[in-house]
Amino acid sequence: MPISLFELLDAIGTVAFAVSGALTAMNKRLDAFGVFIISFVTAVGGGTLRDMLIGRTPVVWMRDINYVYLILISFLLAILFRRFFDKLRNSLLFFDTVGLGVFTLIGLEKGIDIHLNPIICIALGTMTASFGGVIRDILCNEIPVIFREEIYATVCIAGGVFYFILAYFDLPTNQLYLGTSSFIILFRFLAIRNRWSLPKFKAMS
Amino acid sequence: MPISLFELLDAIGTVAFAVSGALTAMNKRLDAFGVFIISFVTAVGGGTLRDMLIGRTPVVWMRDINYVYLILISFLLAILFRRFFDKLRNSLLFFDTVGLGVFTLIGLEKGIDIHLNPIICIALGTMTASFGGVIRDILCNEIPVIFREEIYATVCIAGGVFYFILAYFDLPTNQLYLGTSSFIILFRFLAIRNRWSLPKFKAMS
Amino acid sequence: MPISLFELLDAIGTVAFAVSGALTAMNKRLDAFGVFIISFVTAVGGGTLRDMLIGRTPVVWMRDINYVYLILISFLLAILFRRFFDKLRNSLLFFDTVGLGVFTLIGLEKGIDIHLNPIICIALGTMTASFGGVIRDILCNEIPVIFREEIYATVCIAGGVFYFILAYFDLPTNQLYLGTSSFIILFRFLAIRNRWSLPKFKAMS
């Protein structure tokens, strides 16, 4: 997978996350500033947290201004064509899942770059892909949805494990990336289709 | 604007933010420790987040202990003279607005110091001035008020843009600071007086 | 106190915090991933925040993978033997208090290592020991309990002050550690036994 394709997929994921964040925020009756911030943190909140935890500062969107432009455009599109995007939610899910795959890979990479333990790398991949939504939910005053319902983070964790299995067989980077992201995308669609969810605990009386 | 005046205004803003945080927290029925923490994050939470994001650590109040002393004194005054300060809320608003101006400038500066993109600098200014309140609201289990109602962050953003317009004309630092903070203070008072607010979105049925 | 004993107490505290986090999260009806994350942040959230604030990155659990293993095991034990641990809550409190003492000391140390002001060191100790619970409560969408009810952080602050008093008399490290942690453990038990709490504020009409 040449870098330029990877960057394109990164951009697609960023836009998908930013649009979904903006749609959620509009339904919470926030004002324009609030909607923009929620859109922003949904898109890059996970990568931001990752960078703060590993000391890679200034954080990602401060070094690559393109993320800011992408989110700004997504935000504007989302508020202008709200009804359109709301109907498209199912198609958006496809791009969202692309984001899940790419962001997990980016997070994994950042950990590998600085020689962290594979378990920590998997945690960084999962965080990059799924903690933007956690910060969004906290700002919207809700218990994070990925702690309650969806199989989401689990897909990233499994993808991370799959990555290291492939890496063990010395696959070239291209195939490693392609394999891992295909695995994540497939797993996510199966999870949605079959309504897989993790066991949930009950309050004890 | 000589440095000493700027430092004085910084101190005034810190005290105003700390007192307003303490008043809010007391109304949420927190205990003394909770009120102190809310007071603290309201005053320096924005600058703390900024420093973590740009990697300027140990963060601001760890390097300049005077912030801690100022907040401690503000906290004590706020709990001792609660009724007095509560009546003074409108006058406090004036000092709060001074804080808005100064904190925006400080945040802008920190970004410029390390040669970040002007857009990022404006984000850092806005964050320094307005995200202490966001952290306060999250800790108090509420959707941040600046995401819903007040024109607040917008004033900082406009102030940041104004700063770079002035800077484009090569104004000396004194006039740059004076111009930007006057702009912010004036804008904020007009916004309050005329009850300006950003467009708010409705939940979709 | 030889290092190995200190490490053992650190491990005991980590397990106690992780188990208590998992028990809390199960009662909030989270799924397995949510319970794991809550367990994780309860155990190392305070130290993580501390490390981000002082720029000690990658943060603690990324450099010492043993924390991750300990939390993973605690999490599994907590969900497998939930009923057992729930009955043991009172005994758990003892181990939890050991954690309070050890974590406060670790936080103090980190600040002293980089020559921060004693007040900041005490803040770091308090944060290390008690802000994991703050992050847990925020993620569970509740106002942090230590801002409302329990004397908890106050014990850490008092322990930090006690540490610097002992240090003033040039005690050897062993006695300094033993003295401070004994003080914290004793103070905490007295606080629980006598239901001590900080003054709480009322909402103003």
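Descriptive notes on the structure:
Every chain is named by a letter (A, B and C) in the order it is written, and numbering of its residues begins at 1.
Quick note on the criterion: contacts are C-beta pairs under 8 Å (C-beta built on N, C-alpha and C of every residue); 3 or more make two chains touch, one makes a residue touch a chain.
Bear in mind that the values here come from a model prediction, so they are computed numbers and not experimental data.
Of all residue numbers used at the contact between subunit B and subunit C, under half are used by both chains, marking a mostly different-residue interface. A turn of 120° superposes the CA atoms of subunit A on those of subunit C, with the angle given to the nearest 5.
With centres set at the average Cα position, the gap from subunit B to subunit C is 31 Å.
Shown for subunit A are the residues that touch two or more other chains, namely 52, 55, 138, 141.
Within the complex, the subunit A residues that touch subunit B are 25-35, 37-38, 48, 52, 55, 57-59, 61-62, 65, 68, 79, 82-83, 86, 138-141.
Subunit A contributes residues 52-55, 114, 116-117, 119-120, 123, 134, 138, 141-144, 146-149, 153-154, 197-204 to its touches with subunit C in the complex.
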